Amino acid sequence: MTLRTEPFIMNMGPVHPSTHGVFRMRVTLDGEVVIDMEPVFGYLHRGIEKLAEERTYLGVIPLTDRLDYLASMTNNFGYCLAVEKLAKIPVPERAEYIRVIMAELQRLAAHLISVGSFLNDAGAYFTPFLYMFRERERIIDLFEMVSGQRLLYNYMRPGGVSQDLPEEFIPALQELLKQMKGYMQEYENLLKDNEILGARAKGVGILTRDMAINIGASGPVLRASGMKWDIRKVDPYSIYNRFEFDIPTGVQGDCYDRYRVRVEEMKQSLRILEQAYQKIPAGPYHTEVPQLIRPPVGETYAHIEAPTGELGFYLVSDGGIAPYRCHVRAPSLMNLTALRDMVKGWKIQDTILTFGSIAITMGEVDR
Amino acid sequence: MKFSNYGLGIIKGMGVTLKNLFRASPTTQYPEQRLTVSKRIRGTELVWSVEKCTGCATCARTCPQGVIRIVTHPGEAGGDPNRYVVETLEVDSGYCIHCGLCVEACPYNALFLGYKFERAKYRRQELVQSKEDMSISQETPSAYYHPELAGKLPKQTLLIDREKK
Amino acid sequence: MFTGIENAFVNLPQALKADWPGNVWWHWVIFTLIAIVFFLGSVIMFIFMERRVLAKMQARIGPNRIGPFGLLQAIADAVKVLTKENITPSNADKIVFWLAPAIVFAPVLMVFAVVPFANGAVLADLNIGILYAIAIGSLSTIGVFMAGWSSSNKYSTLGAMRMVAAVISYEMPIVLTFATIIVLTGSMSLNDIVIAQGKYWFIFSQPLGFFLAFVAGCAEINRSPFDLMEADSEIVAGFHTEYSGMKFAMFYLGEYGEAVVMSTIIATLFLGGWQGPFLPPFVWLIGKIFFVFFLMIWTRTTLPRVRIDQLMKLAWKFLFPLALINLFATGLEVLTFPNGLPWYFIPVNFGIGVVLVLLWSRLYKVGWGRIEIQ
Amino acid sequence: MTTALVAQDIANQLNANYPGVNTEVNNNAVIIDSKSLLSLMTYLKITPGLDFNYLTTITAIDYYQQFEVVYLLVSMEHNQSLTVKTRCNREDPVLPSVTSLWRSADLQEREIYDLMGITFEGHPNMKRLVLWPEFQGHPQRRDYLQ
């Protein structure tokens, strides 16, 4: 007699401890083995692209905060670059430096969360997560100092930033950089060489280089697959060509590589910050821009290297005060394209791990 | 022989957690211990100066959420022609996203963000601020977009200062 | 009818001596009470300790509001959880669903019958003490499986399946390690085993045994890094996802009760139980129990979770053969020196343990990885 | 620096290789007729010297009379970029899917279908992405009213 078995369909999410928000995976299981997986999107869809069509160019900035809510500064940055490109607004030197400092601090903060929650998904019971939140707190303190808020900063404006740095910012940044080095070492000691993490994450959820390019992956996910592609290097925006930094890449594109690439990127961010705060010039922090920006008719695409990947804004102007169309190229969404292929055949635990290693933010996936 | 695959990583990690066992926690226990917020905090209430305001309603036009309601009239004859009398100024802070764009837009520096932040209310209607609630005479404005006010406010507590050597 | 009681009171002075006559009836009452109070007290202390130590290690503070240092937090939680609504899922198998918590909880308590608190201070000095502890201790698996199956929740079913697989696999190495101790002492009674550790604790002569028992014990009571039966980041809460209120409290108690039991057995077998200078014996025992539990908290804080196939491989390809080899080597040593091992076996056994662990970890591959799906 | 290729050169190249296909240039973007989209895209992807192996983004713009779909192509090898546009009418918005060339089109085409209502032929899983299946209408259209 043969035992009749049938696959087992499980809905992971939208409310699940490790779906990073409200993501739903419809997983078909054969015992513990994932034989099929279908991602279901849309639980956090707020129609930001539609809302942007009815707001002024300035009024869209608070909306971009809410895209990748763990990296508001870079979202502001990308949008402001697009508006500047469209309306041809010059940016003063000091503002460029402030923007780079903010973007790199934001990258640190966002990577701390993605690495922490990845390790938490691997099962290290909240320890790395809380350690990294402790350090993120220090960074957020600085953001609070300059912008007055701790999550949705709304700090950058077309033509500069909304306010100048307070005088206590640079000493605080210096102190932060000094302390971060020790903490980075602590994370490395905590789990880098851990045998269990190695057994769990190495070789799991492989995204090959060709596949990564084909699915339009970007950011750490693409670089972990071995492709040396960083918008800051290949298409330097703002003043990134003035800084010295490396692009860390992975070898085979497994979960461990993605984790390592993020950690290495944090180190590179620290390097950029070291160079940036020393060179920051005095001067105006923004260009005088009218409240209602009226860019000439046209369309433009500006992209930056956000913590999750290539964040792009495709803006179409009809000459009015509101964007005619504001499309967001969301890196989190694109990185998820191959999730099904990455988890098929692995265990259900690896599904969570792979998903965690892509490190999406639902605000950006659904928009 | 390399020991990196024989549990050395685990031992290193255990060392880190043990070190943290004896380290002071960064937690602040909120109601008893308090941190000083940033000087530029975007607090829960707008602060409005009746003397400076000319009733131009730029704030209401700038607000991306459309939560500022302003009603003005030209005032009595013989008054300043560029100045309107503000009859009503209402902000529904329940819908306010605290982006601060109204403060930046105000051409006469009559609008500020509040410095206080503990303004939980029981009912939604109570979140609507009238112009009396927002008056600068009873509220502390924060230094958001008004760096000249920063001198009077206390220094922000920073987590990094606790471990400064 | 009263003679029994009279005898009891007549025999009271003798009874309170170290070697109690086992058939005095109030001996059972007292020790049952002691066992229950000790069990509940140590569960509450364990919960408190776990939360506080975990919090400290994670740069938090932990519960500190109720009572001095938050000591009463566990009691407040108990009050809260008891007053909560008991939710039974509409698709659940009601009888099994209600029965499961009791089945999980009862065997855990029963193990304390054989744990000695001092020389002879034991509810029932069974001559098959270890066997009893193992046999009764794994009964709670049935309750777990009942809970997982009856909840009609897929997470619960997965968690229960994993639990059963893990417990069955990890019984093997743990029993073999305990057998090593039996070979050394020649007795199954826990009291005799503790007495046999008068000269030195078995952790010194059996370092490999301690390691194996600790790892297998962690897996058996599903502590991290083997907590994948209730892996919160994967299957929400495993078998007790659907439980709430009192029934959840029973699972919670049972879970920590298992931790108490496992710590107690390891402390008794390897750390010399109540043996120790200066302090009264039960203080030593409690101290050792908490030390073992501290080790468990420490690993839980640091280590990520293993995968289910790695869990199985670890049991059958690493712990099981090593436990067999350890048993064989110990048997040889005991045969060669029937009158007790000389002191130099401490470094020798330590060396054997280290070499075996290092060599064996080369021999096996972790997990089988990806499975091709047609 | 990613160099944006001059669209006129590409258009000339395409017109030379595919006679009969009407390729225009507007605002440094190559505008391809929707009927020959797939073959021309294949050409752009596999031709040595172009090698557009990375489809950055697809977006659709509603111009009331017609939809314009924008493809931003990047060649990682040569670090070049190109904007390709195609148009379709509003009454029966159908376009060939480029999923077979770049899988990154998968979710984005679904999103455009969901929000703009352009059907992509040849897409393996043409379902709504962010809205629920029973939803009526396509909210990203300019004339969409609740």
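Residue numbering begins at 1 within each chain, and the chains themselves are lettered A, B, C and D in the order written.
Methods note: a residue touches a chain if its C-beta (ideal position, glycine included) is under 8 Å from a C-beta of that chain, and two chains touch if they have at least 3 such contacts.
Everything numeric here is computed off the predicted structure, so don't read it as measured data.
Q: Just by CA atoms, which chain is the most central one?
A: A
Q: If every chain is reduced to the average of its C-alpha atoms, which one ends up farthest from subunit A?
A: C
Q: Between subunit C and subunit D, what is the gap in Å from one C-alpha centre to the other?
A: Chain centres of subunit C and subunit D, defined by C-alpha means, are spaced 63 Å apart.
Q: List the centre-to-centre spacing of subunit A and subunit C in whole Å, with centres computed as mean CA coordinates.
A: Their C-alpha centroids are separated by 44 Å.
Q: Express in whole angstrom the distance between the two chain centres, defined as the mean CA positions of subunit A and subunit B.
A: 25
Q: What are the residues of subunit C that contact at least two other chains?
A: 57-60, 301-303
Q: Residues of subunit A that touch two or more other chains: which are they?
A: Where subunit A meets two or more other chains at a single residue, that happens at 127, 131, 134, 190-191, 194, 196-197.
Q: Which residue numbers or ranges of subunit B touch two or more of the other chains?
A: 5-6, 10, 13, 16-17, 20, 26, in rising order.
Q: Each pair of chains that touch: what are they?
A: A-B, A-C, A-D, B-C
Q: Touching residues of subunit C toward subunit B in the complex: what are they?
A: Result: residues 53, 55-61, 64, 298-299, 301-303, 357-358, 361 of subunit C touch subunit B.
Q: Residue numbers of subunit A touching subunit B in their complex, please.
A: 55-56, 58-63, 127, 131, 134, 137-138, 141-142, 144-149, 152, 154, 162-164, 166, 168, 172, 175-176, 179, 186, 189-198, 291
Q: Can you list the subunit B residues touching subunit A in their complex?
A: Checking each residue of subunit B against subunit A gives 4-10, 12-13, 15-17, 20, 26, 37-42, 58, 62, 64, 97-101, 104-105, 113, 142, 144-145, 147, 150, 155-156, 158-161, 163-164.
Q: Across the complex, what residues on subunit C touch subunit A?
A: Per the stated touch rule, the residues are 54, 57-60, 154-155, 158, 162, 224-225, 227-228, 231-236, 300-310, 366-367, 369-373.
Q: Inside the complex, what are the residues of subunit A that reach subunit D?
A: Interface residues on subunit A, with respect to subunit D: 41-42, 45, 47, 49-50, 53, 211, 213-217, 227, 229, 234-236, 298-299, 301, 303, 310, 312, 314, 316, 324-325, 327, 329, 333-334, 336-338, 366-367.
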